[in-house]
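Same chain, two partners: subunit A is paired with subunit B first, then with subunit C.
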Partner chain A sequence: MADAGLAQRRNSGTAGAYAVANTLLRFSPLLILCAFWEFLGLSGVISQQMLPGLGEIAQAFVKLLIEGNLLYNTLRSISRAATGLGAAVVVGILTGLLMASFRPVRLLVNPIVQIFYPMPKSALIPVVMIWLGLGDSSKILLIFLGCLLPVIVGTYNGARGVNPFLLWSAASLGASSFEVLREVVLPGAMPDILTGCRTALAFSFILMVSSEFVIATDGVGYMISSLGDGGLYPAMFAAIFFVAAIGFAADRGYAAFARRVLRWREA
Partner chain B sequence: MTVAPAPPLAQNAATGIAIHDVSHTYGSGGGKGVLALDRINLDIGDCEFHCLLGPSGCGKSTLLYLIGGFIPVQAGTIATGKGPVTGPGPDRSIVFQNFALFPWKTVKDNILYGLKKVGFGPEERERRAQNYIDLVHLTGFENAYPSQLSGGMQQRTAIARTLAVDPVILLMDEPFGALDAQTRRVMQEELRAIWRRSRKTVVFVTHDVQEAVFLADRISIMSARPGRIQHVIDVNLPKDRGEEILEDSRFIQLSEQIWRLVREQAVAATRGAH
Partner chain C sequence: MEMAEVRPIAATPKASQTRRPGRAASPKLVDTIVQIGVIAALAAAWEVGARYGAINPFLLPPLSTVLQRLWDDLLSGAVLVDLGLTLYRALLGFFIGAVIGVPIGVLMSRSSLVRWFFDPLISIGFPMPKIAFLPIFILWFDIYDTSKIIMVAFSCFFPIVSATWAGTSSLDKWPIWSARSFGAKERDLLWEVYLPMAMPQILTGLQVALPVGMITTIVTEMLMGGRGIGGTMITAGRFADSVGVFAGIVEIVLLGFAVVKSLEMVRRRVLVWHPESRR
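Moving on, here comes the complex of A and B:
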């Protein structure tokens, strides 16, 4: 028994190592990018001042982490993004469900959604600044508005696409209209809702950073722009890469979460 | 929502269905609609097993959906023991041809959903769900998702889900259409046996003559577009029917007689299409 257990553990160990190796291999083209980056700087095509070496950036990153306030600023940014995104998810799902279920809501909201959908939300940065000033609320509102539309559109399309026989089935088993909405339409629309939320997640990062360039006294976007203004390019790049890494991790984490929620689909 | 101790729907109330002068037109909003049902009059008795038989496009499913309350009655009236039909309800539960299982719920959770809605207590729900899973031979598949099951297994889950809530009227829309011949035969026998035990009124839509004769007490033969009831046939066969009835001369004779009547309708329909 002990042998079997050991063998199993060793097996899962190799499987884990294999997965890690596989992932590293998949992202190996990044190495080419790094080499190209170093080449540009060293060859003098772009001055090292503007394109500092990766080693220099790594040093600046460690320094920012220890002495600077990179973590604090990042947390400030993420808390804004999470608030705006969270509100957009709740309001967006409710709006989308109501649009799909009630004709008057659909007639009222649909044209508004269609007009504002393609608009770049960063164009609203000056507007929210005038309305709400420099504090957190202006950025949260911007992120909320930007994330709202993809969630509404995803939920609405998903809810409209739910197999009508499922609604009939639930009704004939005794579900009320509200129960049909919550117990059939919502889970039936979930694949599209989750796709909409993934788009919203990406938007929240974009709007988080870009709004902090313009209106902020802290946050990672503010940090990037002020490091740039101060000519501290290695630190600036370090902050940029750090945001990129967090965005990547968030998207990956989200994708894993979505797969878990939708595990009934894979079989 | 208060959970009262299991109110299985009143079994003593009349369970028949009175269909009076029901017509139905599709797409009547703008231009000329299609008349799907034309002045249907039909009384289905208490605890009767009634088959609606006819070629595709004869409106038999439409009639079933009207009884189910899924589409509103435009003209005429449909009444059950509980009064006129105004919407769907668990007294008239349905099995669809395309299963209509909740894909995000396991076999057991699909069955539990209806039981919860009807108001059974937690222990009774578990017990009934397992009973019906065993009845349709899905033991061992309780935690499988519909996407992991074959078509036949999905349909058996759907049948278990509907039977479990113990509706007084059971509506079935070609429920065995997607099953292979063998499973189909077994399910027909099971259904007939379940019906004999539970005494429900069943309205069963099919275009399979043998299936109708095997299952029904009475058969309505419908004509195609506009759907009318052309003949109502009594099936005077023994109440307890098994495999052996298929070789009974009365069964064979009746099947042939009905087949000729259905064929007339089908031929008329093809001619009408020109």
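Moving on, here comes the complex of A and C:
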């Protein structure tokens, strides 16, 4: 069975029933897990309350989608995460490039990065609550701050790692320092920047959901915790799986985007 | 897996400097002094700005007030209880994640059956925001330590297992062949060849997982209340006690710094034989 999985990965281009069968085989452990889940619930080892049946969860999901405001809350959450993350990417890349190019900037920013990099960013939740209250801006600021450092560090490491010969030859061909930055340093640092942004993407989801658990009046994290508080467990499970699926899809989409951006590099 | 490449700045760029005795060390010394100066200046600006009205002291209480609160709480023992509980939950969860994750990662590279079973689960579980599952763990294991620690272990598990899997499956074949030709058995190979060769990547996985575990611990504490830095901070926040919140931030900065740096030291110690520590 494992061989089938491997073969599927080797020639992923093959279409048709063969590929479908292979994908099914590859993801069959998930089906086994689902069957186990159903078995635990149906056999009564664990109460239905604790472990709602998958059918029930699916029904609750459809209901949330049609009657409830799952989509609305998800959009609210994602718009906050995207705003914070987008700002963090722009500011982080600029700061990282400036740090790598100018010593004063490096000396100024590096100690701050060093101190705050290891800090668990979720600890800022009460701080942004005090600063900006319970609305959108507090969560956007939290996501921005949490995502900023991975982007700065990735960009800085990448920009410092650019081959100095490339910088020298660009300069000797008459490029201004801004042109060197844009044409040589930025593309050279791109793999590390993209890795930093991927970490930031993961952080943005973590911080989005956890800030909404703790302080929120809407959003998908708030929805999950209020469904849980109300004892609507099938719906809670459905919303949780939905968020997890969105996080998964975002990461996969980002990976595809990163591959596209880096197409010009030799593998 | 690719998350692993992000490292604190100190880890990489300084390595390019070749070590020379005498005067070559002085620019580095100047850098260090300037950077310490930057931190001191920031602290001074915080203190002066908050004390003399440039900043609203509710939004950012003066540093000296925050440190005074920290000192009082230290004397009463509250800080140590909070730090101890948070550290205990984070490290135990991390440890459980590592104890389960590393063997599964090794087995995934050695046995096709294990790989078949775990590969889809890991590749789906790795990019998911694990924190979303917290309400499920609360439902299953109540709101006390068990659910917090299981949540931390669950979020640490994925980076560890995927780093271990990647590390043990891309091994150079020559050392394995030569060990075999010297008569090493499979079990010797595991301890003498596979694990040491994969150790840099395993450690990188652990270095990614530990901060994730800390983030998760803080969130679980905030959500479920009770003691621990996260719980104390969110209580302070709800009572608009901004001094308490910032005292918590100072604690957490110190704790995060200490934990991350200790793991870096462990890495240097464990990899003393490895070319990476000879830079």
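Just so it is clear, the second predicted complex is superposed on the first by the 239 of 267 C-alpha atoms of A that agree within 3 Å, B and C clash if a C-alpha of one lies under 4 Å from a C-alpha of the other, contacts with A are read in each partner's own complex, and residues count from 1 in each chain.
We adopt the following convention: contacts are C-beta pairs under 8 Å (C-beta built on N, C-alpha and C of every residue); 3 or more make two chains touch, one makes a residue touch a chain.
Only a predicted model underlies this, so the values are computations on that prediction, with no experimental measurement involved.
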So, does A:Asn22 touch the first partner subunit B, the second partner subunit C, both, or neither? neither
Applying the document's definition of touching, compare subunit B and subunit C: which contacts more of subunit A? C
Answer with first, second, both or neither: which of subunit B and subunit C does A:Ala244 touch in the superposed model? second
Who does A:Val209 touch here: subunit B (first), subunit C (second), both, or neither? second
If you stack the two complexes on chain A, which partner ends up touching A:Ser43: first (subunit B), second (subunit C), both, or neither? neither
Of the two partner chains, subunit B (first) and subunit C (second), which one does A:Val184 touch, if any: first, second, both, or neither? first
For A:Ala171, select first, second, both or neither according to whether it touches subunit B, subunit C, the two together, or no partner. first
Of all the subunit A residues, which ones make contact with subunit B and with subunit C? none
Subunit C residues touching subunit A - in the complex, by the definition given at the top: 2-3, 5-10, 12-13, 31, 34-36, 38-39, 42, 58-59, 112-113, 115-121, 124, 127-136, 138-140, 211, 214-219, 222-223, 229-230, 233-234, 236-237, 240, 242, 245-246, 248-249, 252-253, 256-257, 259-261
Can you list the residues on subunit B that touch subunit A in the complex? 65, 68-70, 87-90, 92-94, 96, 98, 100-105, 113-114, 117-118, 145, 147-148, 161-162, 165, 171
Quick one: in the complex, what on subunit A touches subunit C? 1-3, 5, 26-27, 29-30, 32-33, 50, 107-108, 110-127, 129-131, 150, 153-154, 156-157, 160-161, 192, 195-196, 198-199, 202, 205-206, 208-210, 213-214, 221, 224-225, 228, 233, 236-237, 240, 243-245, 247-248, 250-252
Touching subunit B in the complex: which residues of subunit A? 163, 165-166, 168-175, 179, 183-184, 187-188, 190, 264-267
